[in-house]
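Structures incoming, each one as structure tokens.
Here come two complexes built around chain A, the first alongside chain B, the second alongside chain C.
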Partner chain A sequence: MGSVEKRSKDVMSDIPTFSAENLQNNLKVIQNSRTFLSIIAGVLAGIIGFNGLTGFVFYFVVMLITSVGLMAKAGFSADLYFDSLNRVLFDGFLGGLMSFVLFWTFAYDLVHIF
Partner chain B sequence: MAEDLVLDTAIRDWVLIPLSVVMVLIGILRYFVSKLMRSSPTPDAKMVKEGQVVIRARNLKVGANFIPPRSFRTRRFYFTNEENGLLHVPKGEAPTNPQAAMFSDPNMAMDMMKKNLSMIIPQTLTFAWVNFFFSGFVAAKIPFPLTQRFRSMLQNGIDLSTVDVSYVSSRSWYFLNLFGLRGLFSLILGDENAIDDTQRMMQMGGFGFDASKSLGAEKDGLDIIQHEWALPRFEQRAESVLRKLVK
Partner chain C sequence: MPFLLTPLIVVFYSNSILGGEISQRENSDRESNFEKKRKRELLKMNLGFVVGVFGILILSHAAYSTIQYRGLLKIMEEEFSRPPMNVVLELIIGVALCLWAALTLPGKFLSIHPDSDENRAVSLPDNSEFMIFNHRGRLFPPQIDMKF
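Take a look at the complex of A and B:
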């Protein structure tokens, strides 16, 4: 999974300048990681057999872990790589939810019902 | 009664997995077909020119503070000049409503229709197929409970009213797949073309490259800018940076 993040902002200048192409690449990287992890989380939740609310809590836990991981990769100084901190943390949360539910249902059924 | 139903393994083998596989394959097929069918419309020279002018004006807006005040003013004058500035559209010859032009232009209309069709047909066909073959039995159990109101939506083919709402019919498995495979497609098919239907339908609403309006907007945008030269003493700054490097 390509997780090379390039600097969007030049540290030396006092005025904020963003390289739009790098910014977009970084956002794509975040989205890819979140999607991938939400699928994996769905399969895991199904195999373990989470039911109801526990499963959604698990999903949010995994998303938080993703955020922490991304911040760690970005060296904890997110404004070098992104224009706003909120984007890093909260961007793909709900987008991955549907994939999570699909794979959760799938794995749960395969393992527990059939 | 909330006891666990035990479902036949054959359901898993012949319903869940084939349905998912078919939907993934249809998605991939649709992606490639849309790539093949993409006709390149011959661009209209005037529209392209206007588009480029808008792009140049936007670049000027972005980089406005990095050039000395006089050069900025010269450039701005070039764009917004009343007589022959590029962005100034004289009132008389405002182009006709581009939306009308777009619909009468056969290429554009065909393109939009093709895109719409390529989306709707596989969905309709798959839905009809699911309904015909896979109705009337419990297909899967969703791991979280929903209220009674969803029963009619999710349990369409099942006629018992005492079955737990978590046990759903294959129609709802189809819908679940429809929404959930978006993420998978974006991973498989590369990043740009992971378009899903709902996003495209939203894009269809706001069409229309309205040339005159965007030119006017750019002109106003340029007029508003207060130029503040951000690099007033960059010789000194360059000197200090170099000194730091040399030390």
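Take a look at the complex of A and C:
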């Protein structure tokens, strides 16, 4: 009986198992956070009046701040909530770019041109 | 002005709904841990929602101030280089509030370890009355060291 338990325990520690639906929930959470913050970054860039390349640099700065914020939310130990660190840092980087440019032009028109 | 009160109304309404559910039960003095955790999570989400709405309102007020500032500059025929200092301060406050709301609103992170306390393998399902345990499965040795 004891040898059977030891063998199954070894098998369990070899294969990395994790709860996949919790991982999906975490990925959805960071996707939502990044989308919302890219919209806010677009409105901010439009109000301040960034032109050209400065705006895109601002977008990457805001995405880096988002990554730091998400790491702080995960308690700086991504092993507990994600399978790899790259997911939480670089997952939705370019996904919010379109929303950013949309709200950037929208706010810029509203404040500076109209 | 009334639309500013609607988030607060949502907060109080949801709290009273949860309070009403519990008071109708027979053992109304004791709240289970699950109910407490759900109440706390709902309260935090509502607080995040209110904070987010305030952040967006502050940002729109800053946008309106910038529009007025630009109108003033057009009268004085000067160039627009950057918004005035009070608008920058409002923007920083609004962005800080929205940042906090964006990190709190979408939900909590759930642990993905199968061995943690919150990922228990067995929870009481609704049809536990129909389950029988007097079948031949009791002759098999337990394969996996599961936490119950």
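The rule we apply is simple: the second predicted complex is superposed on the first by the 99 of 114 C-alpha atoms of A that agree within 3 Å, B and C clash if a C-alpha of one lies under 4 Å from a C-alpha of the other, contacts with A are read in each partner's own complex, and residues count from 1 in each chain.
Simple rule for what comes next: contacts are C-beta pairs under 8 Å (C-beta built on N, C-alpha and C of every residue); 3 or more make two chains touch, one makes a residue touch a chain.
Note that the structure is predicted; figures quoted are calculated from it, not measured.
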### Task
Kindly say whether there is room for both chain B and chain C on chain A in the superposition, answering fit or clash.
fit
### Task
Check the residue A:63 against both partner chains and state whether it touches chain B (first), chain C (second), both, or neither.
neither
### Query
If you stack the two complexes on chain A, which partner ends up touching A:110: first (chain B), second (chain C), both, or neither?
both
### Query
Just chain B (first), just chain C (second), both, or neither: which does A:98 touch?
first
### Query
Now for A:48: first (chain B), second (chain C), both, or neither, which partner does it touch?
second
### Message
Touch test for A:32: chain B only (first), chain C only (second), both, or neither?
### Response
both
### Query
Of all C-alpha distances between chain B and chain C after superposition, which is the least, in Å?
5
### Query
Overlap of the chain B and chain C footprints on chain A, residue-wise?
12, 28, 32, 36, 110
## Note on the structure
Residue set of chain C touching chain A in the complex reads 55, 59, 62-63, 66-67, 70, 80, 82-83, 87, 91, 95, 98-99, 101-103, 105-114, 116, 119, 141, 143-145
### Residues on chain B engaged by chain A in the complex (per definition of touch)
4-9, 11-12, 16, 20, 65, 140-145, 173, 176-177, 179-184, 186-187, 191, 230, 241
### For the chain A and chain C complex, residues of the former touching the latter
1, 4-5, 8-9, 12, 17-19, 22-23, 25-26, 28-30, 32-33, 36-37, 40, 43-44, 47-49, 65-66, 69-70, 72-74, 80-83, 107, 110-112
## Note on the structure
In the complex, chain A touches chain B at residues 12, 14-15, 28, 31-32, 35-36, 38-39, 45-46, 50-53, 55-56, 95-96, 98-106, 108-110, 113-114
